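Chain lettering (A, B, C and D) follows the sequence in which the chains are written, and residue indices restart at 1 in each chain.
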Amino acid sequence: MDLWFTENHTENVRFSIKVDKQLYTGQSEFQRIDIFDSEEFGRVLALDGYVMLTEKDEFMYHEMIVHVPMCVHPNPRKILVIGGGDGGTVRELVKYSSVESVDLVEIDEEVVTACKEYLPQTAGMLEDPRVNTHFEDGLKFIRHHENEYDLIIVDSTDPFGPGEGLFTREFYGNCYKALTDDGIMVNQHESPFYANDAYAMQRAHKQIVNSFPIARVYQAHIPTYPSGHWLFGFASKKYHPYNDVDFEKWKKLGLKLKYYNTNLHSASFALPTYVEELLKDVE
Amino acid sequence: MDLWFTENHTENVRFSIKVDKQLYTGQSEFQRIDIFDSEEFGRVLALDGYVMLTEKDEFMYHEMIVHVPMCVHPNPRKILVIGGGDGGTVRELVKYSSVESVDLVEIDEEVVTACKEYLPQTAGMLEDPRVNTHFEDGLKFIRHHENEYDLIIVDSTDPFGPGEGLFTREFYGNCYKALTDDGIMVNQHESPFYANDAYAMQRAHKQIVNSFPIARVYQAHIPTYPSGHWLFGFASKKYHPYNDVDFEKWKKLGLKLKYYNTNLHSASFALPTYVEELLKDVE
Amino acid sequence: MDLWFTENHTENVRFSIKVDKQLYTGQSEFQRIDIFDSEEFGRVLALDGYVMLTEKDEFMYHEMIVHVPMCVHPNPRKILVIGGGDGGTVRELVKYSSVESVDLVEIDEEVVTACKEYLPQTAGMLEDPRVNTHFEDGLKFIRHHENEYDLIIVDSTDPFGPGEGLFTREFYGNCYKALTDDGIMVNQHESPFYANDAYAMQRAHKQIVNSFPIARVYQAHIPTYPSGHWLFGFASKKYHPYNDVDFEKWKKLGLKLKYYNTNLHSASFALPTYVEELLKDVE
Amino acid sequence: MDLWFTENHTENVRFSIKVDKQLYTGQSEFQRIDIFDSEEFGRVLALDGYVMLTEKDEFMYHEMIVHVPMCVHPNPRKILVIGGGDGGTVRELVKYSSVESVDLVEIDEEVVTACKEYLPQTAGMLEDPRVNTHFEDGLKFIRHHENEYDLIIVDSTDPFGPGEGLFTREFYGNCYKALTDDGIMVNQHESPFYANDAYAMQRAHKQIVNSFPIARVYQAHIPTYPSGHWLFGFASKKYHPYNDVDFEKWKKLGLKLKYYNTNLHSASFALPTYVEELLKDVE
């Protein structure tokens, strides 16, 4: 049977996934939530029609958003995740025994409920005792926290709809305040390729550069995101993203991963020239 | 008007480009050749229904297949390009004044004729006096050359149809012989993500490892190729791909590029763990 | 969100319906069963990926397969429906108080179960006390009945998969025997437009012509079936399909319908010349 | 190769034709003109992205728009065709030796030029000496003609873009005046099935009913038009569309046709009940 889920990467580009079944559909207060099963990608989570993750390639995104900063920071104990209701980021974080607590602030409780039922691959560690889930607007939550987190991961949707506020200067400024003196913020940073995504990337970078002394961008291959070329922002009060990092210490943790490794860590900060130029234009 | 060109990345994944016009279509002795105009990607060349290049992102592919080996080799004078009838690889090569001759061996004359007419962006330098174009099967051409080329670039189509022979052990062995003592061979090396592409990647790597003392793989983001994650093979008799490379010398050439830079050069050899494992499985 | 169900009318023609939700999916012993909700067509039933009905246009099919023979036959009391597990044909039949019993022989119980839950528009009258549902192969059921039914309606799927046997000469011959002396058989008769459908139409017509003294074909517009041009077979032992029919008597029943009317009754037997010729070729 | 032309029948329904080649594309003063070659339908003419005709099924449309009025009128000598630049309507008209002149008024000369080159099947008779082609706006042309034509055929595009004015009361009133005392006007009348088409159908019917004493609608199956159910308007000063028609006289002409026949003539005026009701609503 021919049932296809299509994401319009632009008005002129379509990416289509053959769907076997629709496992879940719901309209929450914030967005439409769909979970499909597919032969190529396993289960697929879409919010408002945009692919958030697939079981086949979500490890790329979640490993890169988590292990880069976790390798840089010498002692990350208290962590805040904003967005990330699918649980993939939390799953990677709780692999570290050094982590004492993770606050997960997800605006949409229905996302978490649906993922717990249909996406155990990502949501399976949301019950870890160190994890506290708050169903709140991250934009508001962050206002009430100061000097508290070693690491903030902004695992947001795209900068329209519920995720819009998470791309503003006010928000990044509040993240800065909520971090300890050697804190790090990492965010999903859109893509440099298609015009609208590149514009969002530039806007986010401009705000972060204005809020943090160290602000760099790193990249990964994520096939089910538009263009397959995805960026992350690394913003830091003290630590450089790859110079002086104690990679050997991290290797001794013995984590079994599928995408991230310490060679790729530094390499992921080497960007194509056209991306460097897009970023410099707003610095 | 809704006219869409679709490439089936797998049976279950479709990538579709809105087409404004079909500028050219022809059936050559070897393959069907189409050139479209599109709003998102400019002109698009497809062979047997597979996207070979688009004006929007071909620079990524052509810069990475050319400048990586050209930066490594201290004195590349005589160069062989197999495939590459669109002219993009030649265009990058003739940017180097050190290059004395480029033999372009393209099996399908109609590809070159069509690209000269409809793709001046890539084909515009095919008339450079240092370029000699041979309309021959690369597999046969290579048999008659020994100890002759400093660099061979295998800019082939996928390993089925006309490009099939360019992924065999016999071919790579003949490339080895055709190279000088410090020669380098670079080839388009398929992708690690979708199963069929990953299998082709492993098969190519296995053959190359058996033919060359140094054989490494590097990666780039190429949005219009399946998964956007594309690999190149770097095979060498003498030079390591990034240790001991004189990057400063290359920078002094002052080439204006959009993707390749010397930071990215070394970084592109750092691969995701799952790709490393796929390669190790066949080494 | 862009979720589209596509039926390939031929290898070169696609008909696609935007789906809001997948309400049901199941794999029965016989076929894959899907029910979707769509904005344009309401609920849609697909078997093995082929549209069987949509809430928007099923009235066209069901009214034409039922009321044409019911208007012709002067006293139809005992009726057999083969296939038709969605209940639409039964719904039209039980509008007649003269009908004493309807045997519904549907091979796939899961179709009936799913339709009762998700397609009340068609399945709502399956509980009428005059209806007896048999979950059996119609091909076998018919062998054990003789001189029993006034009307047999063959409301089958296409002539491959579970419906294949319902297009054979043996089956039509057994229908003839199962009918009373003035009985009528009506069947869904495929379409004349696309080559494969036209071939199925000719094959069915050939078998029916060989089994019944009167065998005529009538047509209707059914937009969600391939080409929108659909045919029905009218096979009869005694009654001509429109000469000598007592239309005034039928009108007095006062049935409220949306497609069928007595003008259209006779008119539907006037076929385009190319269809007449396709039929004559096999008579 | 997967190249598909899609017409959106509504926002939620897509009809897609696999295209082999684009034979012609142009942007005239009035509209975008495309001619494709396809395996299923042969050549396809699209204006502003809407299918106007395909070589496979254009005979249905052209036979029905021409032979119905030509059979009714006892002596049609002078004929006006408005629109119809593809030549299909003219091709059917010049089959009658009684026809003395055909004025073809097509607003867009490029349509005629392109069809003459790429659609000889329809355009092949445009050079008949009885045909005079006028590249003018039919809306203006008609204002200057009175009591002149025996038959006017309005072979227009849809009621938006260049064809918009051909669905107005002013236009139909001027057609009335341009006809002789026993003249007939036939027009393409959109479709009853999808909401927007049905609305256009009702609007056209309302205007025609107000302009002509006899105004009836007839139908045909045209698979490549939205829903496959297409209507024509028959408006007449004197002759009823099927009562008192001398069918035997017409049969003696011995025209070889593929769709139209005299049985179908009368039958095509018998409409489904829901269509009758849509029409009555505006009478």
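A few remarks follow.
To be clear about the criterion, a contact is a pair of C-beta atoms (placed from the backbone, for glycine too) under 8 Å apart; a residue touches a chain by one contact, two chains touch by 3 or more.
Only a predicted model underlies this, so the values are computations on that prediction, with no experimental measurement involved.
With steps allowed only between chains in touch, the distance from subunit A over to subunit D comes to 2. With centres defined by CA atoms alone, the chain at the far end from subunit A is D. Rounded to a whole number, the gap between the C-alpha centres of subunit C and subunit D is 33 angstrom.
Averaged Cα coordinates give subunit B a centre that lies 53 Å from the centre of subunit D.
In terms of their C-alpha centroids, the spacing between subunit B and subunit C amounts to 57 Å. Annotation for subunit B: residues touching 2 or more other chains are 4, 14. If each chain is drawn as a node and touching chains are joined, the picture is one closed loop, every chain linked to exactly two others.
Every pair of chains meeting the touch criterion is listed here: A-B, A-C, B-D, C-D. Against subunit C, in their complex, subunit D makes its touches with residues 4, 10-18, 38-40, 57, 60, 193-194, 219, 221, 223, 227-229, 257-261, 263-264, 266-274, 276. Within the complex formed with subunit B, the subunit D residues making contact are 1-8, 14, 19, 21-22, 25, 32, 34, 46, 48-49.
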